[in-house]
Each structure stands twice: as structure tokens, then as C-alpha cells.
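Structures for review follow.
Two complexes, one shared chain (chain A), two partners (chain B, chain C).
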Partner chain A sequence: MASTQHVLLSPAELAYLHSSLSQTPPIRPDGRTATQFRPLVAETGILPGTNGSARICFADGTEAIVGVKAEVEATGRQEEEGDEEGEGGSGNGNGNGSDWVEMSVEIPGVRDDDSGTAFLAAMLSEAVVADGGLVGRLRINGRFHWKLYLDILLISPPLSYPLPLLSLTTHLALLATRLPRLKSEGDEDPFFDDDWAAATYLYPRGEKRTRRPPVTLLVMAVGKNIIFDPSKEELAVADVTLAVSVGEESKPDSEKQKRGRRLKLVAVRTVDPPSRLTPPGVPNAVNAAYGAGGRQKQTGPRPVEPEAVEGVWRAPRGGAKPVVMAALVQKTLEAGGVADEVLDALDGVDLG
Partner chain B sequence: MPLDTSAYSLALLRVDGRRWNELRRIHAQIRTQAAADGSSYLEMGHTKVMCVVTGPSEPGPKRGGMTGGVGGGGGERSSTADVSVSVVIAGFSSVDRKRRGRGDKRTLELQSTISSALAASLHTHLHPNSTIAISLHVLSQDGSLLAALINAATLACIDAGIPMTDYVVACTAGSTSTYAANDEGADPLLDMNHQEEQELPSLTVATLGSSDRVAVLVCESRVQVSRLEGMLAVGVDGCKQVREILDRVVREKGRRMIQEGTIEKGMSLDDMDID
Partner chain C sequence: MADRRRINGPPGATIPPIYENGDASLLKKKQVRTRPADEARKTYLKTGVTPSASGSAYLEVEIPGQEGVSGLKLSCTVHGPRSLPRSSPFSPHIILSTHVKFAPFATKQRRGYLRDPTERDLGVHLEAALRGAIIADRWPKSGVDIIVSIIEGDQDRERSRSQGDEAWDLMNVLSGCITVASAALADAGIDCVDTVAGGVAALVRDSADNGKPRIVIDPMPSEHDKIDAACCIAYLPSRDEITNLWFKGDMPDGDMSTYFDLVQEGIAASKQAGLVLVNGLREAVE
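Up next, the complex of A and B:
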């Protein structure tokens, strides 16, 4: 799946962009450093009709709104057993509980059964469920659980690959989500406090602070450089693009007092960058317009894959090298790295 | 629906405490979205919608997914701009979560109503072979959905700078008693909320600016014909009030943009006859 629509850049422009991004330090078209995120504006609690909602606006104008709604649902018999197992194994949320969270993504101008949209929704929901912490929280008692519906709306036209935007907005909406306080006890039919002020946060804060929902970040490699939060043009020359979901690990008691957080890797997906579909450039040596070619004609059939020439654009071929993948993940997770910085920034958002 | 409509006759107050001719609070903003050509956000009571306009632009092949609009034929060259509207009703917008697909009949009808209403008011002949893509997002619904969508779309088109004859403004009107109740003294009501819409007959009317020219008239419930005239008169009167409110929003934004120097000023602010 190509992650964005075709970017209308010529091979010469692509080659220029690629070489400026492969320099040390890389020169990005918008002047950011390699690990710098786009500035963003975020707010939560914008829709009183939902259990939790958030809106994020990136500086390039892309905007998303996420609303969370919760419903009480009866837990099926076998599901319940499976759930207990899942909790024992400290949340390897595969299979069971994955249908307790339902996500839908709406992107303007794109059909809702479009493969790209479905892939986005799958990527976002698998990170949330795979983190494991959420499913346990949705449990009311042995017979009932909350079913969470997350509706993700991209308001602006999709200017860049919207994955980081949607993921951050979902993260904030989940943080702002509150569920009515349970009044009933044990396995009786659930009965809730109708005072919304008494509602509890799905992810409690303050003293009882727990792990937070994961965020999915887009990372790409160009040459030897690792670049975070790529724009549409930068994606067009990416060698490898990775969607890395980062969660927070609960700290052991000995580390409780220390500042900072322990990050853990939740999921990794390779995203097919549009660079693979770009047309290659033609080196002057074989370009008939530059007087070449007369000599070449006699040499038999043209090679299928022309040799790489310095400064001439050639779409990246083949898969990612394990070393590069490891470096991308490593760079994301390191303490004080981008994931840390993003989570810190989101901490600053007032959850009202 | 447990709406006690009989209470109206006692104090002449509606369920949310309004009189018969009062609008709900309307809050509107334009240019809410930097990346789009035009954008707006509109609240009518608890109904909240967002609108993003792209265009007029050359119709690209990617727009194929857009539903609505007039001519679906791709290769055909048209002498007017094509107004294509897509309405997305968010799953979380109503009290109970309801998932609506893009092919939902109600949504399609909303789209075609808005598209034809705006196409008549916009000077589409100035932009041949182009598309004006209007995408509307419903964030929260509490009655008068079509009216809110039309108002938001108008504001976004103004923000996009698409030439148009006048505002297309809409609001709803209803009647205090149901179709079956043979009540002679039924009062008309302005700007229905969701609860009233469920129970009472109502219609949506859109007019061209503050004139009496009706651009859209949609009535989906049974209503006695003798009450229709009163409802329509109240609705048209409401549209005039809505136009005043929207106009104030646009002027206020324009004034601020000149002050901030966002747009080039041709003359000083004092010379300019803004009002």
C-alpha cells in the first residue's frame, strides 16, 4: 500500500531532496532538525456528548478530531475465560478483548473501505489493544465490560501521511476518556453513578498514575540518516519507512521516585513509502538528448536496471536491512529521544 | 419520545426554556483550518458542524471517491463548476453511537440538497471545468442538522472567496402540536431541537440572504396544511436573524484580518465602509 498519493516531483527534484536529506546533519525542506516534530496545537474535552474527545492541529494545517464513546456490553462466556487468561499473561491482548475496542477512520475524499484507510485503522487499533493495559481496564465485572468506540475524523485534506496525527489525537482522546463510576458490586448488573463529576478516568492520573496509551510515530531512513515525522515530500524519497508504536512500561517500585519513563516497543509496521513508485532519472551518459546513445546502441539489449550514478534519482529497491530497522527502533525508544519528548509534550495538555 | 408537549400551553415555554420565536445560541467561526481553501465551524445549540472547502480546483482523478455532486461523468467538460458535497456524520455525534456508512440514504439526500442549494447561489459559471469540494463533518447533533450544514457550508464558501450572490441561510420551524391533534391554536416554533423534532412536525427552510426567496424547503413530517403558512413565515423570519449573525461573524473576521495585516489593505480602516 502506498502511504500517500503520488507526489508530483521530477527525478531531478527527488535526487536533490534525497541528497540534502542524506547530508550530516540532514537539511529538511521545512528547516527542522532530524528529530524535530512539527509544532502542534492540542485540546481535549471539546465534545461534551462523548466520553472523551480531542483535537490536534499540526502546523502544516492538518487537523484531526477523535471522539470516544463507551457502551456497556455483556461479556460472552468463552470470552470471559479467555480474558482471565489474558490478564494472567499481563496483557498479550491478541484475540480476546480485541473486539472490545472498535475503531473507525474517516478521511475526506477517500472511501471508507479504501485499503489505505483500513490499514491505518488496523495499525492504530492494534497498537492500542496490543499494549494490553486497556482491555483489563474495560472490564466491569465477570459478566459485563465496556465496549469502546473510537471514531477518528481527519478534518483537513490529507496533506501528509496522517498516521502520527491520528495516533497522537487518539492518545489524547483516550487520556481524556472518563467512564461513569460503578456503584454496584460483584457480578450483579452494573449500576452507575449518574454524577459525571464523579466519573473516573480510563487512564487515572495523579497518585494512581498508570501506563498511558501507546503512540505510533512515523520514522524514516534516508541514507544513513534517521528522520522523524516526515512530511509528504520527504516520504517521497524515503529508503525505509517504519511506523513504530511506543508504549509506557510500568516502573518497578524501586524506580517509582525517579523522573522519566520506561518506554517499550509495542508494535512495528513497515509502511510502503511512495518513493518506490517514483520514476528513475536518466543519466546524461545514456541520455540521447545529450548526444549519448549512438555508441550504446550496438552494445545489445539495454540493461534492465541501470547502474546507480551519483546524483541521478533511482527509486529504492528491496526490503529494509535489519541493521537499519534496529537503528530506527533504537533511536525512537532511547531515553530523551523523540518518543519521550512527544509523551512529555502531550503530558502538558490540560485534560480538563 | 417522552416529550411533554402539553406543558407548552401552560407557560408558553418550550422544553429548553425558549419562547416560540427564539433561536438557540449560534456560535460561528470562519477560517478555522489553515490547510484548506475555506473552512468554518458552526454551533446551533448543541448541533456542531465543521466545514472544509477545497477549490475551485481542477477535478483530479482522486476526487472519484467523492459522492454527491452533479455530473459524475469524468471526461465531460462542463461550463460550470461542479459542487460536490460530502457529509460525514461522526459515530459519536448522537446520544447512542450509530455508525453510518457513506452510502446511507439520509446522508446522500443531505448531500444533494446542500449541493443543489449552493450551486444555485455560487457563481459557478466563473469557474468552468473545476470542482468545488465541500466536506462537512457533523460532530454533535441536536436537531436542525440540515440547517446547520447549509449555514456552515455558506460560511466556508465565503472564506474560500468563491463569488456568490448572497448568503444561503437556513433554519427550521415547527408547530406546537402534532399532526393528529386538531388544535386550532397551534403556535409555530422557531429552530427545533432534537427532542422537538422527534415529536412535532417541522420543516427546514433556507433563503437567499435576507430576501424572501426560498432556496431550500424540506419537510419530512406530516403537517396540517393550515399550519404550513405560519411555519414558513416564522422560518423565513428566522433565516433573516441567522443571516445577521453570520454576517456579523464574517465582518468581524474580515476586520480582524485587516488589523492584523493578514490581508492587504487597499485603504485605511477608517475610510473603509465596513458596515
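Up next, the complex of A and C:
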């Protein structure tokens, strides 16, 4: 993924961008604050042939459509056993749900078997499945379950790393997903109400809403700053990039009754930032064009880190300190933080 | 129209009935974890096993000594650094390509010869872990291929497919891949800032301790009743830096401190793998 995302910025431009993003407060090229998302347009229920669908269009012109289709599938014998075991042991049997949700991501201009696309699809589906409640709701009876097919289509060319866009669209599509109401009882062959108006939501809404599908947010660190929803240019100077998936669990008996939102961490992955592939700048001191002499003979091993020169870009090397990683996750999940804000904003979307 | 003339068998697959033998001693006991929670399984690592590659390594994880149980066996080859083909554009850095492939016989369910999405996903994780460690700008205009093949995965022949969850096995596989690839890179003589090593920590619940969650490192999914969350970390010990972090799971009460503990334990597991790595490399030098 990183290797396919080439940014045409010179070392001098990269150094300028890095220093402006490391200031306090950071100055971003598009004038946003560090925690501000790109403005977006969202709508749901655009595809009548699906169980649920959504479209999101970011202000920078990237646009994605997600369609959710559900099929009844016979539960395999082994899975059934596993499910019962899971329920007996813990109360939520998410042990075997991983093949009940199938996700495909299509990005224009990228080969079907591209590793980056496989990585994106794995990241989005692991977040959806890791939140154990979904698998329980897909179960029809002991012999049958719903199988969800989530097909994610990026319509525009990938102008920035499309993870936040695809994740938010998937979230809305899942929220809008409805399944036909079940008429049969017990373990008999399932028989459904053919009135679509009576169909129930996969994620029930209203007072007794329990859970919502998770959202995956892209967070990056530059110097001491933590920046959310980075654009392509900003990613080119990132020190470390994390994809954090956040689920929601609202418990009525919690002390945070007034907010009514408890965020929980579902998945975290490091995303290889394209900054590691950027060309380094050459300081004047060693540049022959500026009168630097021939190289001295070096004895012993070369130093790992060449000396940092102010204003000369160097691709980041090594990883990130555990403290930085922890700060990125903490900042995403804190009450009133970005994840909270994004979920609040998505609440405002009319689900039709 | 269904065939009404013959008496057809049931539509689905059937399995012959197996009766439980009254003798309880013949039944296989469930494996339980005997080593302490903060100790990884013993690991064998050897470099330079494939003479034709510029660097190679082999890693094997201890098996618990029961019949029909196999441990992880990984082999890694590094080809390169070699020059890029003339047709490719200029690159100021070494171009890293990682391939992770399960052998068709490595797991209970046969894998095809083409890489499936989970293998590609592991390849991207491995690439992220190694890219942080390699000093890439010392080889402009060149490429290196890192190929990890999983010869045998962690598995227990006696257990049914539903009992183990492959999703958690993948974390163990990835941590092994990172360690073995790092050894092979060192064997190939490619400059790295440090030897990167992989480790896994998991939040597990066992009926033996009344379903109370606890954190163990290097978990074997077959040894625990339920795994709530797990985290795989690629760690550079001398720089105290993480190059790759992969966490997933259902935290019991949305508590952040459990997550931070899990990451700390993951780092501890990586440090143990790092010791094995350093000893293996030292043996190869002497």
C-alpha cells in the first residue's frame, strides 16, 4: 500500500511540511485543526436492491459506496457446536463468526490481488467481527444464520489513503441494514415476513439500542503532535500512522448516563506510512555542488542515523516509542475526543 | 422436482456415529498451559539453511510432547539486494517485497497454491515490521525479496476445527515470521538499525481460574477456553521502539489500562524472542 502511494513532493517540500506540522498548534496545509475531519456528505438507502447501503463523499472529491447483501446460509455442524460452546463459556459466541461476514474492497486502478487492498479489507472486517454482538444477531436459529456480504466500492481514484472514508461508509451501511422479519419459530426452516416495511434493523435503534458497528479512524503522529484524518500529503511526513477501530457500548447502568456513550477499543493496526519511501534531502555540508570536498575515508561501521540538519528532510527510520503509540490510542478514545465527535456526527445522518 | 422414486439420503453431509468409550483414561485430556504466564515457548533458530539464497533462517517452536500436536515451523529466504530491472523507475530506497505463504499441508484445512487474502494481509504486516528496521537508503535502485513459508502451523490433530480459532493462530504465525525474517536479513548482511523480533500477548479466560481474565504471553489457542483479545508486536529492543502493532479483540469493560498492559506484555514477549534471535546469530558467527 505504501509503495503504491507515491507522493510527488521534493525533499525541501517535505521538510517544510514536517516542520509546519510539528509546530504547536500544527499548521495543516488545508487549514484544519489537528482533530478536525474533512467535511463530508453522507446518505443512506441509495440502493433499493440491497439490504442496506450508504454513500459518503469527502470534500476532497473521494467518494465511496457500500452495499450490504444478506443471504440465509445453513450453519455447519461444527460451527453449531462451536457456537453452543461459546455461549456456554462466555455469553457471546464470537468464536466462529469470522466467516459469516464477507467483505470485498474495490479500488479503481489497483489490481484485485493487491496486498494493500487485502490489508484494508482484513482491517475493516476484523473490526466488524471483533465486536462480538453482531455475530449473535446474525444467528436465525440453531440451523441457519444470515451471511452478510459487504461490498465496498471506491468510486473516485484514491486521492488519499481511503481507510477513514471506507470505514465510515461501511458503518452507515450497516446501521441502515434491515433483515426480513422472521415468522417461523424455533429450529424449523426459516420463513420470513415478505413485508419489507416490517423488516427489522440489524443494529436496533431507539431507546434500547445496544451497540453500533465500529468505526476505524486513521491517526498519525508528527513530532509531538497527533493529527487525525491526515490527507495524502500529510501522510508523506508521518512518523507513525495507526488505524484505530472504535466500537460503542452503551450501558444504561453506567455512571456516564448523561453522555450515554462508552467507547471501547476493538482493533489497532499500524499502517506503514509512505514517509519511509520519500527521497532524503542532501545537506549543503556534504553536497559537492556547494563546495564540499571529497568524502573522507571512513573507518568502522557507518553511523545508523546521519546527523539531523535543520530543514533537510530525512525519511523516518526505526519504529515509534511505545509511549507515542499509547498516546495515539488514548487521544482517539478519550471522552469528548475525536471518536466521540465522529459518532455524534454520524448520528445526525438520516437512515431513511 | 425432487426425485421421488428412490429413497434418497439426507441432503447434507453425514458423519458416522462415534460412541464414547466408557474408559475415561482413553479420552484425551484438554491441554492446559503448564508454563508460567510470562514465559514463551522454547524456540529453535538457525540461520544459513538455504545455500542458494543470500540469507536464510529456520525457526521452530517447541511442541508440548503430546502425540498429534505440532508446533510452528517456519523457513525464510532472502534474495537480494539485487538491482532492479531496467524498466522500473528510479527508487532512492531498497524496494522490499514480502511473501508469506502457508504450505498447502501446513494447516488442518488445505491451503491452495495461490496466496489467499489472509496470507497477503500477513505479508503487509511483515513488510511494515521490517521496513522500520532496514536502513533502506543504503541501497538505492535495488530490491530485496523476503519469502517466508510456513511449513507447519500450530495445530492439534485431535481437536475439531471448531475448537481452535484460526484468527488467533495468525498472530502467533506473524510473530514467528517477523523473528525469522529478521534473522534471515541479518544472515544476508542487509544493514538494519536493530534486529526486530515479534511477540504475542493475549487476554485469556480459563474455567480453571473461574473465568477471570488474565494476560499470558505466547498463547496457544488450544490451551485456553477463550481468548478475548490479543496483540502482536514487532519490537526493536535496543531502540525501545515498536515497528508494527496489531491488536484486536473484545475488551471486557472498555478499560484502557488492560490494553496498555497487553502491549507491555507483548513487548516482553518480543524481548524474549529477541534473546533467541541474538543467540542464534551469535552462534552462526562463532
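One rule holds in what follows: the second predicted complex is superposed on the first by the 319 of 352 C-alpha atoms of A that agree within 3 Å, B and C clash if a C-alpha of one lies under 4 Å from a C-alpha of the other, contacts with A are read in each partner's own complex, and residues count from 1 in each chain.
Heads up, the rule we're going with is that a residue touches a chain if its C-beta (ideal position, glycine included) is under 8 Å from a C-beta of that chain, and two chains touch if they have at least 3 such contacts.
Not measured: the values here are computed from a predicted model.
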Q) Between chain B and chain C, positioned on chain A by superposition, is the outcome a clash or a fit? A) fit
Q | Most chain A residues touched (candidates chain B, chain C) | A | C
Q: Please work out whether A:Ala236 is in contact with chain B alone, chain C alone, both, or neither, and reply first, second, both or neither.
A: neither
Q.
Looking at A:Glu106, would you say it contacts chain B, chain C, both, or neither? Reply first, second, both or neither.
A. first
(Q) By the touch definition at the top of the document, which applies to A:Thr50: first (chain B), second (chain C), both, or neither? (A) first
Q | Touched partner set for A:Gly67, first chain B, second chain C, both or neither | A | first
Q: Go through the superposed model and pick first if A:Leu175 touches only chain B, second if only chain C, both, or neither.
A: neither
Q. For the superposed model, what is the least distance in angstrom between any CA atom of chain B and any CA atom of chain C?
A. 9
(Q) Quick check on the output: what are the common chain A residues between the chain B footprint and the chain C footprint? (A) none
Q) Quick one: in the complex, what on chain A touches chain B? A) 5, 46-50, 53, 57, 60-63, 65, 67-69, 71, 104, 106, 108-112, 114, 149, 151, 153, 155-157, 159
Q | In the complex, chain A residues that touch chain C | A | 1-3, 74, 77-79, 81-82, 85-86, 89-90, 92, 94-96, 98, 113, 115-116, 118-119, 121-122, 126-127, 130-132, 242, 245, 249, 262-272, 276-277, 279-280, 302, 304, 315, 317-322, 325-326, 329-330, 333
**Q.** Of all residues in chain C, those that touch chain A in their complex
**A.** 12-13, 15, 91-93, 95, 115, 117-118, 120-121, 123-125, 127-128, 131-133, 135-138, 160-163, 165-167, 193-194, 205, 207, 211, 225-226, 231, 234-236, 239-251, 254, 256, 259-260, 263-264, 267
Q: Quick one: which bits of chain B touch chain A in the complex? Just the residue numbers, please.
A: 33-36, 46, 48, 50, 52, 54, 62-63, 65-66, 86, 88, 90-95, 97, 99, 101-102, 133, 135, 137, 139-140
